[in-house]
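There are two complexes below, and they share subunit A, which is joined by subunit B in the first and by subunit C in the second.
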Partner chain A sequence: MRTVAPAVVFFALAGLVPLVVRDAFLLDAVVLILIWGASAAAWNVAGGYAGQVSLGHSAFFGVGAYAAALLATRWQLSPWLGLVVGALVATTVGLVIGYLSNRLRGPYFVLATIAFSQVLLIVGSRWRGFTAGSEGIPVPFRPGFWTLGIADKRVWVWIILALAVVVYLVELYLERSRRGYQLAAVREDEDAALSLGVPARALKVAAIAVSAALTAMCGALWAQYVGFVDPFYVFSVDLSVRFALAAIIGGLGTALGPFLGSLLVTTLETYLRAQFGGIGAGFVGIYLIIYGVILILVVRFVPAGLTGWLAARGTRRAAAGG
Partner chain B sequence: MPLAQLIASTLLLGGIYALIAVGLTLIFGVMRVVNFAHGEFLMLAMYVAFWSFSLLHADPYLTLIVSLPLFFAVGWLSYSVVMRPIIHTSHNVQVFTTVGLSIVLQNVALVLWTADARFLRTDYYAVALRFAGAVFNWAQLVAFAVAVLLTAALFAFMRWTYTGKVMRATAQDRQAAALMGIDTNRVYAITWAVGIACVGAAGVLLAPIYPVYPTAGLQFVLIAYVAVVLGGLGDMAGALIAALVVAAVEVIGSYVVGTAWKEVLYLLLFIGILVVRPAGLFGQRGAEAFGS
Partner chain C sequence: MSLASPLLSVAGITKRFGGVIANRDISFEVFAGELVGVVGPNGAGKSTLFEIITGFYAPDGGEVRLDGVRLTGLSPDRVSRLGVGRTFQKLRPFAGLTVTENVMVGALQKCHEVSRARQEALEILGHVGLEEKADAHARTLSTGQRKRLELARALATRPRVLLMDEVTGGVDQRSIPGLVALVRQLHADGLTVLLIEHNMRVITAVCQRILALHLGQIIAAGTPAAVTRDPRVIEAYLGQVYV
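Now for the complex of A and B:
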C-alpha cells in the first residue's frame, strides 16, 4: 500500500466521529481503537519494519503509564510532562534492551524481550516505596487540558488521534526514506545488508528505541484516559501480544495495517462486551479464546495480514481487468 | 546456615523443573520451535490431577499413570490440528501460533473453571520427612523421584530406541534425515507428543504442591525457558543440569534476598545468559542466530 489515501480517509473519519456521535459508549470504542492502533503501529516500527519481533513491548507501555501517573501523583506535575519523561525513559530502556539483545534472532529475541518486561513487572509490583506496588496507582482527576483531566470523550478522540497520526507519520517515514529502505534490507537479510555497508546493528537499536518512545507515549495517555495503572496489566505479556496481534492482523510492516487490525480486534472486543454484559470472567475468557483462534488462523492463512490480502486482491483484479 | 535444607530444596525443586524443561528442549531441538504454550499444558495437567482427585477421589499418583498416555494423545492432537500446517513456515508464524494456542488454552480453563486458585490436598500432604537436618514433605519427594525416573527414561528412549535415534537424526539435520527416508512429519508429531507428555506428568506431580489456576503455567514455564536457554536450546543433558542451577539460584536467592525478589534473580540470570552466551553453557556458539 503505497498510497496514503486510505489512511487520510481513516483518520479523517475518526476525527469527524466526535462531531456527529454523542454516545459515550461509541466514543469510548473510537478512543480505544485509536490508542490500541497507535500502540500496535508503534510496535510495528520495531516488529514490522525492523523485523525485531518483540513480546515485551508492554515494558515500554508500562514505563509511559507509570511516568505520567507518578509525576502527577508524587510531584503534581502535568501528565504532558509525564508523556515526555516516559518517552525519554522508554527510549533509554529501549536502547539498553536493543543493544543487549542485538545479536539475538527469532525465538531468542522474543524470549529476551519477555524477560525484560517481566523484570519491569516485578519492579513495578514489588517496589512499594516508589510505585505503590501491586495495588497500582489511581490517577487523580484534575480538570483542565494541562492536567489532562478531561471528562469529554470527544476531546479524547482528538488527542489520541493526534498521537495516532504522529505514529503513522513515523511509519510513513520508514516506508519512504533511505533509512527505511536500509531497515527493510536488514530485516530481509542482515548479513547481506551488513556486507553492503548498512549499519545494521545501529539501525536495529534505533528502531527499538523509537518504537519504545512511541509505545510509552501511548501508555502515558492511556493511563490518563483510564485513570488507573495496574502493574499486572501494563507490564503483562498479554498486552504485548495485543500490540503484536493488531499489527499482524492488519499487516506487518504496513503503515495503516496496525490501525485496521485494531479496528477489527477492538470492535470485536467492544461488541462481545456489549453482548456478554459487563466484565465478568466469562466475557474476558470467551473474548480471549476468539482472539487466540484469530491469531492462529491469521498467521496460518493470511500471514500478510489484512492490508497484504487487500493489496493482493487488488493486484489480481487489476491483472484480470487489464 | 541450614546447608542440608538448601541442598534438599534445590534438588527437589530442580527435579520438577528438569521434567518441564526436557520436554521444552526436546521440542526445540528436533522441531526448532519454541513452544510458548508449554506452560498451558502444565496447567491443564494440574487441573486433570485436581479434578480426578476431587471428583473421582483418584490419588494424584494414580492419575500420573493415566496422564502419560492422555497427554501424549493431547500432544498428538494439538500437533495435528495446530502445529503441523505451520511447521515449515517462518519463526514468526510459529511463535505466534504457539502464543495463540497458549491464549486459547488459558482462557478455556478460565471459562470452564474460573480464575479461582484451587488446592489439591491429599491426607498425607502434611507428613514431614526429615533427613540429615533437612525437612520436606512427601509430595515433594515423590515428585522429585518420579521426575528423575521419567527424565532418565526419556534419555534412555532417545539413546537406545530406534524412534529416539530417528528423532536425534532429525534434530541434527532435518534434510539429510528426510533423504534417508525418515518421515519427518511423523517424527515431529512424536516429538511434540512426547514433550507434552513430559510436561503433563510434571503438571500432575506439581498439583499436590502448588495451587492451580488458569495462568499457573506461566511462572513454571518462565523458569523452564531459563533452564532451557541456560543448558543450550535443544540440549537435554544441558537442560537437566541447568534446571538444577536455576533451582539453586531460586532456593539460595529466596534464602538470601527473600522470596519477593527471587524471580528477578533468575530473570537477570536469563538475560545475562542471552547477552553473554546465548548458546547456553554447553551449546554451540552462534546457535542464537540460526537461520534454518
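Now for the complex of A and C:
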C-alpha cells in the first residue's frame, strides 16, 4: 500500500506558508500551484485512474467558472452555491462525455473531448444575452466569506488547500477501495475486467462524471479568486493541456503526482512570466516551449513521472543504506 | 436418464460472421460437477462458442441458460456475476497490477471488503501455486505462470461453471503436466468445467465427456474413447496429428 506521508508533508507545508509568508507574489504562486494541482488531480481521476485521457477538461473548468460567476452577477447568489450548481452541471456534461467514452476509444475519444470543449467555447463567447459573450464576466467583489469576496491571499491559500485535499482524498479512495481496484482493472484491460463481473461501462462513466464535478469546483473557486471569466481562457485547449501535463509530469494515476507536477510547472511558469513578462510580446509564449521540452524530457527519461522517479530513488537509497 | 437438470444448457446456438457460419445450431448440456472438453481443428468455432456463452458475442439464434436463467442477451459482466467464469485464449493479465491485485479484482466481485479480498486472493494463489509471485507485477510472469494467474483470477469470482480456453496452449512441454494436474485438482474439488483444448492427450486424460466441433457443428459427442474412434472426428481433426 502506498504511503500518504509525502502528501501529508506537502499539504501541511502549503497550509503553513500563509503563517510565515506575507509576500503577495509568493502567496499568489502557492494559490496557483494548489488550484492547478487540484485541477490536474481532478483530471487524473478520469485520465489516470480510469485511463480515459481527455484534452477537453477545460469544458468542465469553464462550466464551473461560469456557474459561479453568473449566479453571482445575474442573481446575486453566493459563489458557494455556484460551486454546487457548476459541479451538478459538469456532472451532467460528464455523463454525456462518459457515454461517448463507451463508443469511442483512444484518439477518437481524445478528439471528441477537444471538440466538446470547443463547442462550449463557442456557446460561451457567442451567447451574448446570457454569458456576456466574448467580453467575459467581471466577478463583482462583495466582501465576506459567504460571497467569497476575500482580499487576503492567505485565506485563499487555505480555501484552495481544502479543495485540493478533497480531490486528493477522492484519488486515495480510488487507490484503496473496491471500486478503485475494479476501475484499475478496466483501465488495464476492459474485456478481462468484464469477464470478472466488473461493470466496466458504468464505472468509466462514473469516473468521468466525478472528475468533471471536481474540475468544475476548481473552476468556480478560480473565477472568484481571479475575479474575471474569459471564455477564450476557461474553455481553451491550453488549459486542458495544462491539467493533463501536470498529471503526466507528476505521475499518471498517482494521488500526489498531479500536485508535484503542478508545483514544477506552475513555479516555472510564474518564474518565466516574471523574468520575460516585461520585455515584449516575443517572449509571451515562451512557457509553452518550455512546457513542450519538459514533457518530452519526462516522457523520454521518467515515464512514471516525478512520483515514480522519487519512489525509485527512495527504494535505491533504502537498498544502499540497509 | 438423469433426473437432475443441467447447470449449463446451450440450445441451438448459431453465429454468422458475414458469409461464414462459425456456429451452426449447437446444442449441449453440462451438469454440475462435470468436466467437459471441446475439441476441434482451428476455425471449428470453439472460441466463438465460448464468446457467446460468456456474453461477449450475441448469437444470431439460440440461447444459453445457467441453471434455467437465460444468459443470452446479458452483458459479459452480468454473465460473470451470475456464475460463469472464463479464461482467455490470448492471455489478458492486468499487466500494470501485481499478481495479488489481479486476483483481488476477481475476489472483489462477491467480497466488498478489500482486506478480505486480499486474503482470499492469497489463498487462491496458494491453490494454483503462485504464492511466491504474489507481489510481482503481472507483466513479469512466464506464460505458464500467466495461465495460472488467469485461472486464479477467474476462480476468485467463485464461478458455478468455469470456461477454460486452451489451458496448455503456448506453454512449454514441461509446464503442461503441472497445469493438467491443477485442472484435475480443481475438478476434484467440485468445480464444473468446460474446457477448450487443442492437445488431444490432455483432453482425453482429464475429460469425462467431450464434444467435437468441425466447421461450426458438433460432429460427435461422448466419452473420449468413443469420440476419438469416430471416423468423422478422425477425418476432420485427428487424422493429421494423432495417428
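The rule is short, and it goes like this: the second predicted complex is superposed on the first by the 308 of 322 C-alpha atoms of A that agree within 3 Å, B and C clash if a C-alpha of one lies under 4 Å from a C-alpha of the other, contacts with A are read in each partner's own complex, and residues count from 1 in each chain.
FYI, contacts are C-beta pairs under 8 Å (C-beta built on N, C-alpha and C of every residue); 3 or more make two chains touch, one makes a residue touch a chain.
Small disclaimer: the values here were computed from a predicted structure and weren't measured.
Colleague: Classify the contacts of A:Arg126 with the two partner chains as first (subunit B alone), second (subunit C alone), both, or neither.
Modeller: A:Arg126 contacts subunit B only, not subunit C.
Colleague: Of the partners subunit B and subunit C, which touch A:Ile296 in the superposed model: first, second, both, neither?
Modeller: first
Colleague: Does subunit B (first) or subunit C (second) touch A:Val53, or do both, or does neither?
Modeller: A:Val53 contacts subunit B only, not subunit C.
Colleague: A:Ala274 in the overlay: touching subunit B, subunit C, both, or neither? Say first, second, both or neither.
Modeller: neither
Colleague: Tell me the contact category for A:Leu16 with respect to subunit B and subunit C: first, second, both or neither.
Modeller: In the superposed model, A:Leu16 contacts neither subunit B nor subunit C.
Colleague: Contact-wise, after the overlay, does A:Val8 reach subunit B, subunit C, both or neither (first, second, both, neither)?
Modeller: So A:Val8 meets neither subunit B nor subunit C here.
Colleague: When both complexes are superposed, which of subunit B and subunit C contacts more residues belonging to subunit A?
Modeller: On the superposition, B touches more of the residues of subunit A.
Colleague: Following superposition on chain A, which residues of subunit A contact subunit B and also contact subunit C?
Modeller: none
Colleague: Please name which positions on subunit C make contact with subunit A in the complex.
Modeller: Per the touch definition, subunit C meets subunit A at residues 54, 56, 75-78, 80-81, 85-86, 88, 92-97, 101, 104-106, 108-109, 112-114, 117, 153-154, 156-157.
Colleague: In the complex of these two chains, what residues of subunit A are touching subunit B?
Modeller: Per the stated touch rule, the residues are 53, 55, 100-101, 103-108, 110-112, 114-116, 118-119, 122-123, 126, 237-238, 241, 244-245, 248, 252, 281-282, 284-286, 288-289, 291-296, 299-300, 303.
Colleague: So in the complex, the part of subunit A that touches subunit C is made up of which residues?
Modeller: Where subunit A meets subunit C, its residues are 176-178, 181-182, 184-185, 187-189, 191-200.
Colleague: If you look only at subunit B, which of its residues touch subunit A in the complex?
Modeller: 33-34, 82, 85-86, 89-97, 99-104, 106-108, 110-111, 114-115, 218, 222, 225, 229, 233, 260-261, 263-264, 267-268, 270-271, 274-275, 278, 288-290
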